[in-house]
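We just call them A, B, C and D in the order they show up, numbering each chain from 1.
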C-alpha cells in the first residue's frame, strides 16, 4: 500500500469519526433549512423564490461548522509532528485532509442539498444542477475552510474565529454557485456561472494547501 | 528607498520627518479638494448630494489601498522575515478598517436620498467595500486571538496573502453578480465620464486621503517599533 | 541514510527568551547522546529544532550521509524519528490501526509493525482502543514505530518517563541494538540512559 | 459665495452627517495613532533609562 493510500485511509477514518461524520453536518443543514419556513411563513411562492439561495447559504455554513477540528486534534496530540516527518510534504497532507473532509461531509451535504431545495419549493428539474453546484462549491468550502482551520491553530478560540476569517473569502463561490442555481431555475444561461465556480474550486484545491502547510508549520514552531 | 526603510535607525529618522510632512500635505490637499467640491454647482441628477462623493469615494479608494499595503507588507515580512514589514502590516489593518467604516457610512448616507434606502445591494462597489471591511475584521480578529506574537504575526500574514489573492476575484465576482441581477449599473461616480468640475476636487481629495493614510501609517509603525522595544526591554529588566 | 548530525554554534529562542547560545554538538553513527539540563533549559526545543520544527536564531543543523552532506529536508523526512511527550495516538482508534499507520507512514511494513508490537509486549493490546491503555502502554505503542520503521536518527524526549522497570530495561536493549547497527540517538533525559551515552549539557 | 457653498439644500440632513462621520473617523485615527506613539515612546525611553543607570 502506498503512503498516500495509507494517509488517505487514516484521514477518511478520522474525518468520519470527527463529529459523527456526515450525520452531524447533514443534520445541521436540514435543521437550519427547516427554520426558514418557520420564520418566513408557509406561503409556497415566497419559499420557492428563496429556496435555491437559502439552500446555498446554509450549505456553506454547514460545511464550515464541521471542519473546525480538522487540524486542531492532530496539532494537540502531536500527530501533526508525525505527519511533518513523513515522506510526503505537508502541502499534500493538507490537501488529503481537505479531500477526506469533502468526501465525508461535503459529498453527503451535496446529496442532501437538492432534497432540501426541492422540499422548500425549488423545481425538481433543478436537482441535478444543485447537486453539481453543491459538489463543486463544497470543494471550495472545504479547502478555504481548511485554510481557516489551519490559521486558527495557534489561537485560543477555534470555531467562531474560523467562521469570521473564512466567510468573507467565501464571497466568490457563494456568488457563482448561487447564480448558477438561480439562472438555471429562471431559464437563463447558467454555463458561465458553473464554469466560474469550477475554476474557483480548482484554484482553491491548487493554491490553499500552501497556505495550510505554512500555517501548520507556524503553529508547530 | 526600500533598503533605507529596512534599516531601523534610518527608518525612524526618515519617518520622524516624513510623517508630519505627509500630514501637512494631506491637510492641504483635502482642504483644497473639499473647498472646490463644496463650491461646485449641484449635479443635474444628484443635486447637492454630490458633495458626499468627495468624502465617500476617496475613503473607498484608500480602503483598497490600505489592503494592498497590508498584503504587500505581509508578503515582504513572510518572504524576507523582516520585522518592520510585519509592524507595517499590523499598523495598516486598523487604519484600513477605519477607512472602510467611513466609506460604508458615507455610502449609506449618499444612497438614502438617491435610492430611498439606507443600503442598496445593487451598488457593487459598496458591497465590495463591505466584504473588504469583513476581511480587515477577520485579519485583526486572527491576530488578536493568538497569544504568541510571532506566531500571530505569521498566521496573519498568511491570511493577508490569501485575502490579497482573493480580493480582485471578490471584486470581480461582486460586479459580475451585480450586472446579473441589475441589468445595468446604477453606479455613476468615479467613472471617466465625470465632469471636470467634480473630477478635480475628487482627485485632490483622493490624493489627500492617500497622503493622510501614509502619514498615519508611518506614525503607527513608529508606535509599533517603540512598543516592541518597550516590551523587550521590560522583559530584559524582569529577567535580569 | 544519516551517518552524522552536526550542530554548529546553535542559538535557540522561544518567544523573547534566548534558551542557549553557541551550542556545538556532533553525533556520529553508532553514538548515543544524552541531553542534560534543568527544566526549561531547552532540551525539547533542541530536539524539535533538529527535527526541523524550530528555526535557529543563529547557527546551523546539518546532516551527513555516507556520500557527504544531505539536504536537511530529505534527511528529516526519510531518516528521523521524533518521540515526544505527545505521542500522536488517537484515543478513539484501535491500537492496531494507529500502530500500522505510524509504522507505514514512516516507511515500515505491516509485518514489521506486528513484530515490533510483539517485541514490546503489545500484541494482546492491539485490539483495544488507545484510550483504555495506560500511560506506559501508550508510550510503548509510540516507541514501537522505532523498531517497525527503521530510521537512523532517533530523537527521544524523556522516553523513559512513564515506563516501568522491565520496559526501561527492554528499551535499553533496543537502543543498544540501534546504536550497534550504526544508528544515532539523541535523548533528552533526567535519569541516566540505560545505555552508554555521551552527555551534552544544555544551559544558557 | 461661502455661505452658498455651505447651504446643502434639502439634502443637508444627509450631507452634514456624512461629513461629520468622516471627521470623526479621521479624529479617531489621528488621536489613537498619536496617543499610541506617545505612550510607547515614553515607555521605551523610560525603560532604556532604567537599563543603563
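FYI, a residue touches a chain if its C-beta (ideal position, glycine included) is under 8 Å from a C-beta of that chain, and two chains touch if they have at least 3 such contacts.
Just so it is clear, the model here is predicted, and its values are computed rather than measured.
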item	value
B-C or A-B - the one linked by more C-beta pairs in contact	A-B
Remotest chain, chain D as reference, centres from CA atoms	C
Geometric centre: closest chain by C-alpha means	A
Distance between chain centroids, defined by C-alpha means - chain A, chain D (Å)	42
Between chain A and chain B, centroid-to-centroid distance (C-alpha), Å	31
Euclidean distance of C-alpha centroids - chain C vs chain D, Å	57
Centre-to-centre distance between chain C and chain B (centres being mean Cα positions), rounded to whole Å	49
Shared interface positions of chain D, touching two or more other chains	none
Two or more partner chains touched - positions in chain A	221
Chain-to-chain touches, reported pairwise for every pair that qualifies	A-B, A-C, B-C, B-D
Interface residues, chain B side, partner chain A - complex	78, 131, 134-135, 137-138, 141-142, 145-148, 151-152, 154-155, 158-159, 161-163, 165-166, 169-170, 172-174, 176-177, 180
Residue ranges of chain C in contact with chain A within the complex	51-55, 76-78, 80-82, 84-90, 92-93, 97, 101-102, 104-107
Chain C partner contacts - residues on chain A that touch it in the complex	1, 3, 6-7, 9-10, 13-14, 17, 73-74, 76-87, 217, 220-221
Chain B-touching residues of chain D, taken from the complex the two chains share	1, 5-6, 8-12, 14-15, 17-19, 21-22, 25-26, 28-30, 32-34, 36-37, 39-41, 43-44, 47-48, 50-51
Residue ranges of chain A touching chain B (in the complex, touch as defined)	147, 151-157, 161, 164-169, 171-172, 175-176, 179, 183, 196, 200, 207-208, 211, 214-215, 218-219, 221
